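Contents: one structure, followed by commentary.
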Amino acid sequence: MPRPSTALAKVQRLSIDPVVLFFLLGLAAGLAKSELRLPPAIYDFVSTLLLLSIGLKGGIELARQPVLALVPDILALILLGAALAFLAFALLHYVARINRIDSAAIAGHYGSVSVATFAVGIAWLQSQTISYEAEMPLFLVMLEVPAIVVGILLARGMDAGVRWGHILREVLLGRSIVLLVGGLLIGWVAGPDGVQPLAPLYFDLFKGILALFLLEMGLIAAAQLGGFRQHGVKLIAFALVIPPIFGAIGAFAGTLMGLSVGGTFLLATLTASASYIAAPASMRSALPEANPALSLTMSLALTFPFNLLVGIPLYQTMAEWLHR
Amino acid sequence: MTPSIRKLVTIVTEAQLERELTRDLESHGILGYTITDARGRGAHGQRASSWELSSNIRIELICEAAHAAELMAYLQTHYYQHYAMVLYAQDVEVLRPDKFR
Amino acid sequence: MTPSIRKLVTIVTEAQLERELTRDLESHGILGYTITDARGRGAHGQRASSWELSSNIRIELICEAAHAAELMAYLQTHYYQHYAMVLYAQDVEVLRPDKFR
Amino acid sequence: MTPSIRKLVTIVTEAQLERELTRDLESHGILGYTITDARGRGAHGQRASSWELSSNIRIELICEAAHAAELMAYLQTHYYQHYAMVLYAQDVEVLRPDKFR
Amino acid sequence: MPRPSTALAKVQRLSIDPVVLFFLLGLAAGLAKSELRLPPAIYDFVSTLLLLSIGLKGGIELARQPVLALVPDILALILLGAALAFLAFALLHYVARINRIDSAAIAGHYGSVSVATFAVGIAWLQSQTISYEAEMPLFLVMLEVPAIVVGILLARGMDAGVRWGHILREVLLGRSIVLLVGGLLIGWVAGPDGVQPLAPLYFDLFKGILALFLLEMGLIAAAQLGGFRQHGVKLIAFALVIPPIFGAIGAFAGTLMGLSVGGTFLLATLTASASYIAAPASMRSALPEANPALSLTMSLALTFPFNLLVGIPLYQTMAEWLHR
Amino acid sequence: MPRPSTALAKVQRLSIDPVVLFFLLGLAAGLAKSELRLPPAIYDFVSTLLLLSIGLKGGIELARQPVLALVPDILALILLGAALAFLAFALLHYVARINRIDSAAIAGHYGSVSVATFAVGIAWLQSQTISYEAEMPLFLVMLEVPAIVVGILLARGMDAGVRWGHILREVLLGRSIVLLVGGLLIGWVAGPDGVQPLAPLYFDLFKGILALFLLEMGLIAAAQLGGFRQHGVKLIAFALVIPPIFGAIGAFAGTLMGLSVGGTFLLATLTASASYIAAPASMRSALPEANPALSLTMSLALTFPFNLLVGIPLYQTMAEWLHR
């Protein structure tokens, strides 16, 4: 393990990962009201490639190991996701005194995870050639759903009016989970050799595509930043303070689960991230009276950039420290 | 062939409501509608990104006036309060009135 | 500047008819029209795929009422039976009536 | 809930005017509008390429009749002469008239 | 030549080509009514790349040989395409007793060919490093048109009302033929060295792009499957029985023409496939009273998956058997 | 330096660069009224990749050298762009007797530059493995703006009504400059090693993506050719005669500035090219009474193809001749 000062040096050297610079370019262009705007079809194309890439990569690794052995980890992650949502709710509702519905909706976002942050975490590990557990993409899927369910439960209680079947169906059949799980299954069935001919598109281009995706995320985040004025200082603080806390919890959980440094780092990155696709869509249909601008601005315009710029190097330091 | 009069109802709302709303329309007996992608601005601010969560759709449907009134009342009750939505109606001349109920 | 009244004709039909239909419009003396991509549902089922053969377009054109009636009759005779098509007309106020014949 | 009448103004014009035009609308107190991408043909020829400089947008906005008349006059003075633009207005029934000023 | 049992083993091992898994993913997502939907622009982008790839690949090979020598083969293929359309019509109209117009329209689809099936066939050969004749993409173009003409003739007879000039223009200037033939010509003029710098996009990414395309085809096929109820059992049977028969005819013709095993296999794959782009578009404008739902459901939702899952390994066995 | 006859031989051998063939394919398809049409989202995707590629490539080279040393060159280029606009205006207004407004608008287009022509120039050098100065993409940006300003000045004089702040903001925040300069900055900050993982998308695919872009440009140019009838012979002549003249001026300037053969060639290619993105957009908002059909048809449908087919080999000969 490198000594803290070395780790710090590494942080400074690496924190200018070029994919993050694309995010900053998008953010700057958006804030400067540049005419730059990428059409929705490009967003769909690029995110489809990323989700399939992550899924395939995980799948071909899963093909190398017994999958049943993962069941305990998966159960642990479901509990972790739910627990993080409860914790977020408690902080928002009882400490920050935000109303119940908005607290519950935001808690669902922060207990859930962001695929884009995960992708940047993977790119980060790749550029340092640090390896990580094959099952991480599967873990991502497992962490995505429970917090959303907890968020809705916290708002509605056991209210008979909640169409659980409908809501779960929408989440599980949403674009991102279908592509991630589809990629996982294909990679798993086809195995490393079968996926080999697909590598030029799905693996070699990964970082370039991620850069383009982050450019778009920067533009989208800039558009969300307009919503700031309506936010109290409390919510802004929450969006910046929660990531390191949840990241530490994730790093701790990863170490307990026996993950490697790379896996621990990725789990921390996941827990520290906030959903901006699955959670908003579900909350919008299950808790329409929650204010979507609050949670979107927080997760996209604050937590996401925070994780990119500050969080990711920090979670690596945490993971390395815990694995000393 | 003298044209008959029907109502054209136009709904501009959040793109992510598409599936739910079309199911609703169908369960209200609306058998025909046309959807285009849109962006815009309104009480809920700018809705114009490359991103489904903040883009709009525009649904048009032609039906009988009474049916239209009922549908608009329903939409207003169920969606207006919590979603970005604009709703308006017009008379239009159609050639095959039996097609639009 | 008191506005004049013209007819706005809207056609929703199969995307693959675009070339043929615009040629038809032009040969009927229609010199202006606006097209948007659309999807929808009607008597011919769901038309909403990422695929030209099952997606729609929406054509709008403004012209004089007599011209509109003639055009709608023509479209009905030539396309209604075999193609997914919906057709309706409305009065609109325009500022430069000479632009829309 | 008897519906009230407002004006629906539709503007079809060059895509590259979008930013300038929406700024203009906002400075005229128009707080809501809907935009779709379009292509078409008119006095300025075919405007239908994959290229912003020769494609169109279609802007719809609902407001009070007096406001609409004033806006249309402004657009006509400022844009008609040099830009590809078509402008028309219709009455529409809305449920929440206070939303559309 | 491998013994039948070896061939069978190969079939089982290979029939899980990952690109086919992408088709199944799209089909499953579509049938489960997932929210996954790829915008039209992605379909256009991906199919443009595929068509250009196939054309370029053929073109650079054509550059290596005298083109005039191909004239007899081309004439033979034109006859073959027409003959298959007549045969399909006879089966549909006289055996299955489908009305004349629909029989003629469907016959046009089945006498013509599917580029997507061809692309999967090429990927299939590549993964086994079996070579094939350079002129196959040219043959594809030659097989595309005649059956469409025969289909229209069978419906209309020598009716003066048919705008032949218009119809042929529309087919020949359709997207797919322009891109295929354009790619062929560019590859032919530029030659292997000239095309070399384009290889990373058009050749290396080929299978990855094909996978994405098949994902979309799966979604589209799922949407078509809704049309099943209106189909008689007769048409479903036709869609599943014709491919192996036409495939066998194609394999036989390829062997007679002196093609290699790879070429024979590809010709069988072509004859067994049914058009779902050029034919539907032409039939829609020349025979508008034919029911497009019939032929589209048959070719897209039945024949296409059949060929992907069962046909392709079968046609390889046929080709190998005929070349013993 | 090769003797002229050798240079000519080289011209003939190379002038069939396959990317140019894609332009001709698009042009032919457009003129034949083929159904081929690429959706706007593809145009945006492909041009985004190209602009970022050019920017990144320049940026990583800039990272290797002191940037301040470029200041004199940059000032020289600003003067050059302005001077070319004045010269074009003089020829159009005083020699060809075109009205003041249209002369000024067209002068703005021809003093400014075309990124697509520049990209073809880069591809042309790559295929001959001729190197060029890293700062060329920066020079491109510097040449883009001054002529536009001069064009507006020539039409409006010092008229108080011109919203200079607004116009400059629109040009500088336009899509193409934001992506080019953004790419430059990212490449500069990240350096060669940082950009390395992005190479498969932004560098290896460059020529393939350029081919696709030129296919679209061909389709767009074909659509513009319709505007021919309204053009006098004078304007057509101008569009074909100016490029070699301005190219010679650029080659001369490049040699004076001490650029290498490759850099001199690229500068000649830039000065010979006419803008069809930044200039039309700016002229449309600053000089709405100028006829946009004139300048677009000239720059897109005449000058652009002229440069691709005739100009580029010619400017190379000029650059080589000047560096003897």
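Letters A, B, C, D, E and F mark the chains in the order given here, with residues in each chain numbered from 1 onward.
Keep in mind that, in the parts below, a residue touches a chain if its C-beta (ideal position, glycine included) is under 8 Å from a C-beta of that chain, and two chains touch if they have at least 3 such contacts.
Because the structure is predicted, anything quoted here is derived from the model rather than measured.
**Student:** Return the chains shared as contacts by chain C and chain F, ordered by label.
**Tutor:** Touching chain C as well as chain F, we find D, E.
**Student:** From the C-alpha centres, identify the chain that is farthest from chain A.
**Tutor:** For chain A, the chain whose C-alpha mean is farthest off is C.
**Student:** Expressed in ° and rounded to a multiple of 5, what is the rotation angle of the C-alpha superposition of chain E on chain F?
**Tutor:** 120
**Student:** Taking all residue numbers used at the chain C/chain D interface, answer same if over half belong to both copies and different if under half do.
**Tutor:** Mostly different residues.
**Student:** Between B-D and D-F, flag the pair that has more C-beta pairs in contact.
**Tutor:** More C-beta contacts join the chains of B-D.
**Student:** Report the inter-centroid distance (CA atoms only) between chain A and chain D in whole Å.
**Tutor:** The mean C-alpha positions of chain A and chain D differ by 40 Å.
**Student:** Could you tell me the distance, in whole angstrom, between the mean C-alpha positions of chain B and chain C?
**Tutor:** That pair's centroid distance is 19 Å.
**Student:** Could you give the separation in Å between the centres of chain C and chain E, each centre being the mean of its C-alpha atoms?
**Tutor:** The computed centroid separation for chain C versus chain E comes out at 35 Å.
**Student:** Do you know which chain C residues sit against two or more other chains?
**Tutor:** Expected reply: 36-37, 48, 90.
**Student:** Indicate the residues of chain F shared as contacts by at least two other chains.
**Tutor:** Residues 35, 37-42, 45, 200, 205 of chain F each touch two or more of the other chains.
**Student:** Spell out all pairs of chains that touch, sorted by label.
**Tutor:** Chain pairs that touch: A-B, A-E, A-F, B-C, B-D, C-D, C-E, D-F, E-F.
**Student:** If we count contacts the way the header does, which residues on chain E are in touch with chain A in the complex?
**Tutor:** 16-19, 21-22, 25, 28-29, 32-42, 45, 123, 126-127, 200, 204-205, 207-209, 211-212
**Student:** Considering only the defined contacts, which chain B positions touch chain C in the complex?
**Tutor:** Spelled out, the residues of chain B in touch with chain C are 1, 3, 6, 8, 22, 31-37, 62, 90-96, 99.
**Student:** Quick check on the complex: what are the chain F residues that touch chain A?
**Tutor:** That would be residues 39-41, 44-45, 48-49, 52, 170, 173-175, 178-179, 182, 185-186, 189-190, 194-195, 197-202, 205 of chain F.
**Student:** If we count contacts the way the header does, which residues on chain C are in touch with chain B in the complex?
**Tutor:** 10, 12, 36-43, 48, 56, 58, 72-73, 76, 80, 86-90
**Student:** Of all residues in chain F, which touch chain D in the complex?
**Tutor:** Per the touch definition, chain F meets chain D at residues 37-40, 42-43, 216, 219-220, 223, 226-227, 276-277, 280-281, 284-285, 288-289, 292-293, 296.
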